[in-house]
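This is the structure I want to talk about, given as structure tokens.
A, B and C are the chain letters, set down in written order, and residue numbers restart from 1 in every chain.
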């Protein structure tokens, strides 16, 4: 459960709103006459927020949950406010055209109190190469390994057990959680968030048939490219991004990858593209900007996807997509017995079509 | 290959049976008159067990393998025993109505000899926060990090390189293999078994569109919920369970997750539900009790699945399931050329149905 | 981007060719009269290689890229050389019947300069059990754990944070990148390359229903087998290979597994079989030699696949395959609206077939 701030740490509601306005959001109390200005100790859902917490309505389908909400304040759009029955609520209403974005910022701010409490400095058990360049204000957790030639930018923090391979680069204000691994020659931009178990720059999967040995044997193609990542990237737990064979694997600015995603060697992912968990992208595929790839989708290698392509969950993309839009290819599930009956016919589709055409001819 | 106990460590057969009876299994020798009481040094399959090992028949399809079995003793049901030709075997028969369960217990007991040999105590290289509460009898391996405010229950053992984030809790008698990572505010019940590379409490995948930046940009929604896990849970290698956005991700008692599974934020998994490897469950999905999800199945987000739902391997579940039963949705494979012919027709199914309806009209 | 060797380290072209001939490749300059013998500082693609680099043409579709190639030398087949317009190029041509294999070897040689610079010896922070046998010339990185009874062969190198469980064995000349985990009793052959986050010998997923507890509860089947791997194996980042229940999980010689692959307990993978990323193989499945399994394919448990079987990406194999060949079972994707229309008919296929048969009867 989210931790509440102590009352003396908690901002007053008007302070939160001022901060949001400063951050570029347009928000204000629905009622401007003098009224209580509660200290906000935390953030909760409509169903769970208590009288020292702020909540939000970002989805009109949840409007019913406003009834009985015990929060101190609720963020909503002016349209949602119009639908509120007067006297049906005790919380203060905050009007904002982007309640979901405001929720995102509030969550960040409340989480900052925890983040500020984290250890800083370079832990004495961290092993830092003599030629590594570590900027001021960098935090390096226990048992980290920073190899030779690494550069780490100002304000970046590494949790315990991170390994940064020779010659790799981390930008400014990055956050590496425990146990992130960068191989050699991997470059990460500013403000990256890398989660535990993620691996950057492992060898791409490249082998040449090697008839010098026995039939079927493979010769390894050493992967001598690197990985180059832009700014504002977030990468989930146990996700892997392989190094390029000869060039770099490229991850654009603002790319967000969930857990357990695999990005093959030589791929290029465009700015602000987001992928949900368990997606696999085979080598050398180029994905445009602002794409979304839903969970467990799989992209074959050597493809090109345009900007603004949206791939549904569980879909296998096996050819280029040159037009923005949504693409789907998932087999509909059913009760097992029903599925069996229909699946048995799948293998006869070509034949069924031929039979249909024959009848069409005969009955014309 | 399984290691055999030294003869002097090995229990006699009657001792094993007594232990099983004490554990609640009903088992006894098929022949009660005086006969040899061999020491049992290990456990093997019908095909591989040698004359100092015990084996078992849990699947009637394997009855043929009893012929030629060299084990000292074989566990089987009374029904299976009826089918044995007299004089066709040299092993001793142990009758038990649940041979598979008895095998499970025997395997645990033989493995205990290895487990008991593991190092105990807190390794001097482990870094334990001043405010962490570590009960008596806890073992913490080399290079572990136990952050501030952590609580670890009696008898729990951590392999090397585990990281337990601030404020997290481990119950009693848990076993964490090498390199398990808990973020902050993750609670694990008693008797959990957590495998290497598993990550608990990484950030859920939550972003709000952020028009303050450029089109397509995302603002991070800090994930301020936690993870709350029941008792008797086992979690496989490299599996990830994300922390909740506002509330906790919930894992019930007795839940068993295989390797490389992904559980999204805010999910709730009911008691005794088991999932095979490579399953992905998107955020906020609620799964009932005693469900089984076979390998590589994928569940969309915000779904509700009833108790006792069984999902076949490779199936994508994209809508609620309110009725117990088995559900399947996997595309049948075929030789590639055959698949090509049929797949080409798939995109014309709606059209084919229309044509069929037209003929039906004409031929009525 | 690949790092170039310093000019004084770089071999002359004739030296590279001599080395390739020694390694068993047949290659020579296309023009044998006296000409410059440039020092080759690196290896690049046709599009990116500069005037101190060598490139290669392994795919005739890329023949157009030869125009404008700035490399010092280009490897190609005699057939490709025939198609070159005289005077259209400034690079030297190297003729080789296997340009792709020659590229693989060159990449290995250039990468060796980096590998030779890695730290050697046993780092003082590595913890090596008193009964472990570590051969001469073994390198063990910082914070590694080598438990009791481990044996490590000559020339093997371990990156930081590797954990080698009790009684496990590593052959000669293996390379373990950072953060590889072997449980106890795992045996790896010679020349293995194991990538970060891979886990060998975690417990297979085995549970017996346990009516002694509440309905639906499971009893753990302790996994007392091991993992046995042949020579020349490469295993990708975050891949997991589980230990056998009673016997060993077996990985043949020359097997190549990409990232995030899951191999269940008791599986047997034949020599030289290669699997692309995100493949899952359920327990006890036996795969032949020289098979290729493309990305995200899934194999059910207890299957047998013949030698030389090729499974397409995203395909679910749910029954035995006794004949070599290519097998596919992926649902074709389409624009979402188109997919919806066709998917809706999928659930009626059995019914449609019946209706078609009825018409066929009526119109005969």
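Criterion: a residue touches a chain if its C-beta (ideal position, glycine included) is under 8 Å from a C-beta of that chain, and two chains touch if they have at least 3 such contacts.
Bear in mind the structure is a predicted one, so any value in this text is a computation, not a measurement.
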Work through the pairs of chains, note which ones touch, and then classify the graph as line, ring, star, complete or other.
complete
Superposition rotation for chain A onto chain B, Cα-based, multiple of 5°
120
Residue-number overlap at the chain B/chain C interface, same or different (half cut)
different
Using mean CA coordinates as chain centres, what's the gap between chain B and chain C in Å?
27
Numbers and ranges of chain A residues touching at least 2 other chains
143, 161, 179, 197, 238, 260, 278, 330-332, 334, 346, 348-349, 352, 356, 359, 363
Could you list, by residue number, the parts of chain C that touch chain A in their complex?
1-3, 23-25, 42-45, 48, 98, 100-101, 103-105, 107-108, 110-111, 114, 117, 125, 141-143, 159-161, 177-179, 193, 195-197, 232, 234, 236-238, 254, 256, 258-260, 271-272, 274, 276-278, 289-290, 295-296, 313-314, 330-336, 339-340, 343, 346-350, 352-353, 356, 359-360, 363
As the complex stands, chain B meets chain A at residues 127, 143, 145, 161, 163, 165-167, 179, 181, 183-185, 197, 199, 202-203, 205-226, 238, 240, 242, 245-248, 260, 262, 264, 278, 280, 282, 298, 300-301, 311-312, 315-318, 325-332, 334, 338, 341-342, 344-346, 348-349, 352, 355-356, 359, 362-363
